[in-house]
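Okay, got some structures for you below.
Two complexes, one shared chain (subunit A), two partners (subunit B, subunit C).
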Partner chain A sequence: MTSPAQADTEDVIAPRPQPRRGVSLRDAGPPIALVVIIGIFAVLSSDFRTVGNVQNIMDAAAVLAVATCGISFVLMMGSIDLSVPGVMGASAIAVALLVANNRNGNDLGLLGVLVAILLGAALGCLSGVALVGLKVPSFMTTLGVSAVGLGVATLMFAGVQPNISDEMLRGWAVNRFLGLAYLTWIAMACVLVGWLVQRYSRLGRYAYAIGGAEEVLALSGVKVAPYKVAVFTLAGSFYALAGVMVTSQLSAGLVQAGAGYDFRAITAAVVGGTLLTGGRGGVLHSAVGVLLVTVLINGLVQVGVSPYWQGGVQGLIVVAAVSAAVIPQRRRNQVTK
Partner chain B sequence: MSTPVIAEPASNPAAEPAIVKGGPTAAQRVTSFMPVIALVTLLAALTIADPDFLSQRSLTAAVRTSAPLVVLAAGATLVVLCGGIDLSIAALCSLSTVFFAMWLPDVGGLTILAVVAAAGAIGAVQGIAHVLLRIPSFVVTLGGMSIFSAIALVISDAGPIRVVDRDATSWLNLYVAGYVPMSFFVAFLVVAVISLVIKLTPLESFVRATGYSESAARLAGTPVDLVKVAAFTVSGACAGLAAVMLASRNFSGSPTMADNLLLPAVAAIVVGGTAITGGHGSLWRSLAGALVVTLLRVGLPIVGVPSAWEQILYGAIIVAAVALTLDRSKVAIIK
Partner chain C sequence: MTIPLTEHPETGATGPVHALEVRGLVKHYPGVKALDGVDLVVRQNEVLGLAGENGAGKSTLLKALVGLVRPDAGEIWVRGEKVRLKSVVDAADHGIGMVFQEQSLVPNLTAAENIVLGSEGPGVRRGIYRWDTMRRLAQEQLDKIGSHIDPLARTDSLSFAERQMVEIAKVLRIEERTSNPPVIILDEPTSVLESKEIETLFTQVRRLREFASVVFVSHRLDEVLDVCDRVAVLRGGVSVGEMPTADAVPTDLHRLMIGSTGSDDHYHEGLAERSADEGEPRLVVKGLCGKTFRDVDLEVRAGEIVGIVGVHGSGREDVCRALFGAEPTLAGEVTLDGQPLDLSGTRAAVASGVGYVPAERKIEGMVGPMSVADNMTLTKQKSRCAGPMVVPQKQASLVDKWIERLSIRTPHRGTQIGRLSGGNQQKVVLARWLVAGDIRLLLLDHPTRGLDIGARSEVYRLMRELANSGVATVLLADSLEEAIGMSDRIIVMSDGRATTEVGCPSGGKPTPLDLVKEMV
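Then we have the complex of A and B:
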């Protein structure tokens, strides 16, 4: 096409390859499923198709949306994060002890929230450092960090439940703006921030690239390790915010604040189209996944299924979604650990 | 289009020298004795902290507490040896305690067998899902974990179920030779039998080959899929047996009874020195690891450490032990 001399100069300003326009089935699937499920439940249950229930669903999705935002980055890299319960528990107790509460004289307000988020970021950073420093697989490091977080939370809990009296934090869950709780708006802001980071920052782009082909990225001169630590740190701060939101909802700090959120967040991300092998999906995919999971749980309860089945339904969904995602990649001598 | 670029760096000379060396290095020798060293150190430390600890009574009690953990860890070790991980053992164990308490009035003395068989079948289903659907084992078992918890909650109505017939498991509370608790003896027996069966049959090479290099094992004709399903089955059956032990000790079954045993079980496996990457390790190591973990749990209050530190310690131990035992020549990229 071009002469070698021209190619040399042209390589420097090589045009960015245009991403494929048009929506593939993989990307369109989850939103279609969401619409279908909403349609089915709306037909089945008259309680489901009310404005109040839509508000309920949005409010119920808030905490999960923030946690899933964080885990999406980790999954994009092809890693996994099981530290959500630990980080959420630690930050939930931390924030309850830092704002006005019944245990001590602290009244830091927003600063307390910030400190709690920093604690979560530190725990996330710990996962990342153990991953790149000790070369321990992420599901092990994060399992360990989850235990550490729960331990820290239990230490701070010290047998007496901290009830918060801080008006601002309590107001987040109660006060409404345009029909939705403040927490829901915070969650939307998080999704927006997460999307901007994913789309426009180097961190987000590299997280994609690490998931897609880490060797290639490393061979092209990128120091991968700091970005991995940074992704886990970012994820940790998202979980911590989710923990703060739970404290706001309960008006009390609980060690168990994040129980089950690890699995729920992974389910939501996977259902939204983020592959566990990395390199695909993203924050917006996950947001759709969060709505899918929340609508499903809400709808099943409205239809009269025992709430105890929630976890089971999520388990089935995640196994089904992951196996559907790997069908195109099946090979005879493929190794799955 | 991008193939030529990737094809070039296929061989990585930096990784070669580590494999060429014959014989274990000093560090490898130390890590291979790690569980025993840890066990002896812990015992010594606890004895110094409280001289009464080395009495027959407290040791018997400690060993008795460890029995369910030993069985759980032993089963899951097989899965780890094959290169996978089973995160569902604790939830399956909880579900099995519910099964046990519910079935006991109808099935009577055969309940133990029934529960072990049911748990083994559930484990097999997970293994088949892992092998047929080609999903990573931790996803299958993570999914299994929440499914089993849900089933346990639903069938038990989220509450404990009393074990009505205590005679069915009273033999587990006996003592062998006057000192060794029966439950620990059974746990020991389970480890011994599984180890022997593996040792005396081609299974040992099958399991190791699968763990060390699955694709090579497959090309060499090892029934990799069958081995994996079998490992998950044994893991499930062990969870069932551990459930019987727990239920016999607590005289009830409950949907969350064993949930806090997941972390200790994983810790027991990795502290024992079984590599999480598969291939290297044994059930005996997990037995030692389980004893270490139990001593830690029992010993922390003796030394005067609040029990909240237990969790932090588990976390640190897991990460540290995995870092020590990981087979780095195998995983170029750590996800």
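Then we have the complex of A and C:
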């Protein structure tokens, strides 16, 4: 949560921040806020500052981290993606029906996971193609694709819940390595991969540039449409993996596996410092945002805030964080939509 | 350097091959002839200045040269070869590159990425960035112009001058695409620079001349004369002349740019009922300071039209917006009819009877998809309401009255304003301030921009009528003639200060050249 004072001092004392490897004060806001919040809860609650609780927080953040990783690329471009629940639902059911389960004789194991992720990639690709081909804003195309994904999931669900018996997939949620569930390690690997893509691939850098000044890319002879489609495809794969992770946690495929993850992912990304207008933030920012949101939920429980209050308090904190982030850009007669 | 000789494609005569040649270029936009047969020659290794007033067709010409505008007629020849430029990339393949006026860099990428953007070559292999190669490629370009910018610095952390160097480095990358010496176009490169930075830029331009041809566009004539070998002048979409800069002075150039003045009483001076010398001033501005202007004093009487002139960057637009509360002020006193004027926001200004017609009509002046009637009653809601409710009959009769009064040509009051011609749109925008009948001060920021002559004339007549009814007017004119023709007095602004006041009574008008002397 960047305070206005921080943003101001950045302009004054850091006229030439070294951008590639260094971190500007503005980018340092969310991590500082994370440390402060952890500090506050640690002081307030002895239950919060246990190793067990740290494990809880990390494990609870895993699925959201993977979904947010995907959505970060879309937000970086200045687009938005509401297809998360649909893609997650479709992949959750798909993987449940492809690995060993009580509905059919399939036992594809890891291959089943891969197919589910490809399904998510295809749905993401559909969003991207509709965006660049039909020129429909991403808000609407992804909303539609979400419905398509839920439709596909419902068809596969066919009224009988598939419970999985695949030991590998169930083990992901249960088995631990260095105290953390396998799923948490998978989430961390996703963040690492996402960061590498963002930093070292043309796809990632162009996604960033599209959010910064799309028309300049066009003036430089870059065709942006394929990159937009690729970004949505990549994001779809991440959501699908998140859906698989939910199936692993529940040992069952549910159509509602991704319910609510669209706005939770957007919230986490924005709280982490990614702008909805694009061109700022990224995967690491989002990872910090995910931790912030998760720590907040966990901490509020630990310090004994009534569950009736929690939703409202979370909302207020998010609005405060975002308004602090945009203070440096405010000017007279600004149009806000 | 030897200049290759070839046969002239049409005349068959032998002559030096020009780096770039434009013949009879024509481009029409609805209602406007932006280019009306422009001829231009850019020689090898020269810096050619391009001068012309706003609307002379400079920017359309430049856009045509880099493939952003497809001309309706005419030819472009590059080194003796006729070309059709379909895109910026196309132009780059022919060795033509442009540094755009509104800088065209991606702010959140590094300088290196911007320099190689779209033609990364070995900087990216199989979609993976080689940051070291990228840095080296960019460094090569920066070395060409002797710049010491860190290629891995984020672009938005660089100063304007540094960004401009990055742009030049980026444009020079077209050398990788063609073996011929490039043609570099610099569109208003000095408008955002400090004087020290301008000197650096000029050094760069002279360095570029060693291996390239440069087209240099600027509003500031002294700069053009300083850095260019030759100047070509455009006026009204036609080339009106050219001269070597060695023995030219700004006034020569300006005479070419302005040309002869328009038709008789284009500005309806006959309508002006002069009585403005008497009476207390309506608007009194004392020592107004803002971000881009300082210590501005201004007085406007009821019924008077006061023009403010100045070059790009003189701060006159910001003064105008500040008086409407749309731009923050730092100090100064402003009174309207003796009462202090609240500049804290536009709402207060409107309530005090101040009206503003913005320069960007389509963006700030009107709501395109809304009807004529809704646009006209947008600001003065009370004029169409009873309590909180809109009364359609009240709105209809009011709007119809003003449509007739200003002879606005619209099929119906319910027609979308976006479908009207520019002149009629502008009349609706003006009417917005008149419907409530409480207008005291009107701030007009380029009210005739983009209008054809007939529509201009009608707007002028309307301005006269408003002045005669006692409205005080501040005018930022589109051209010097317009300022002279319409104003009773003219304030000259330069570098954020009001430097001179020139009386401009009917019958005793100054010439544009008199004003230019004060502006430069």
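Operating definition for what follows: the second predicted complex is superposed on the first by the 289 of 337 C-alpha atoms of A that agree within 3 Å, B and C clash if a C-alpha of one lies under 4 Å from a C-alpha of the other, contacts with A are read in each partner's own complex, and residues count from 1 in each chain.
As a working rule, a residue touches a chain if its C-beta (ideal position, glycine included) is under 8 Å from a C-beta of that chain, and two chains touch if they have at least 3 such contacts.
All figures in this text were calculated on a predicted structure; none of them were measured in a lab.
Novice: Which partner, subunit B or subunit C, is in contact with more residues of subunit A?
Specialist: B
Novice: Can A:I80 be said to touch subunit B (first), subunit C (second), both, or neither?
Specialist: first
Novice: In the superposed arrangement, does A:T154 touch subunit B (first), subunit C (second), both or neither?
Specialist: Touch partner of A:T154: subunit B, not subunit C.
Novice: For A:L219, is the partner it touches subunit B (first), subunit C (second), both, or none of the two (neither)?
Specialist: After superposition on chain A, A:L219 lies in contact with both partners, subunit B and subunit C.
Novice: Between subunit B and subunit C, whom does A:L203 touch in the aligned arrangement: first, second, both, or neither?
Specialist: second
Novice: After the superposition on A, what does A:W185 contact: first (subunit B), second (subunit C), both or neither?
Specialist: Neither partner.
Novice: Go through the superposed model and pick first if A:M140 touches only subunit B, second if only subunit C, both, or neither.
Specialist: first
Novice: So, A:G279: does it touch subunit B (first), subunit C (second), both, or neither?
Specialist: second
Novice: Please write out, lowest number first, the residues of subunit A touched by both subunit B and subunit C across the two complexes.
Specialist: 213, 215-216, 219, 333
Novice: Taking the complex as given, what residues does subunit A use to touch subunit C?
Specialist: Per the stated touch rule, the residues are 15-20, 199-203, 205, 208-209, 211-213, 215-217, 219-222, 279-280, 332-333.
Novice: Can you check the complex and tell me which residues of subunit A touch subunit B?
Specialist: So the residues of subunit A in touch with subunit B come to 77-80, 86, 130-132, 134-141, 143-148, 150-152, 154-155, 157, 213-216, 219, 260, 263, 266, 276, 278, 306, 308-316, 318-319, 322-323, 326, 330, 333-337.
Novice: Looking at the complex, which residues from subunit C come into contact with subunit A?
Specialist: Within the complex, subunit C touches subunit A at residues 87-89, 92, 100, 104-110, 113, 117-120, 124, 127-129, 131, 150, 152-154, 157-158, 170, 326-328, 345-346.
Novice: So in the complex, the part of subunit B that touches subunit A is made up of which residues?
Specialist: Of all residues in subunit B, those touching subunit A are 5-6, 9, 83-85, 129-130, 133-140, 142-147, 149-151, 153-154, 158, 214-215, 218-219, 263, 266, 270, 276, 278, 306-320, 322-323, 326, 328, 331-335.
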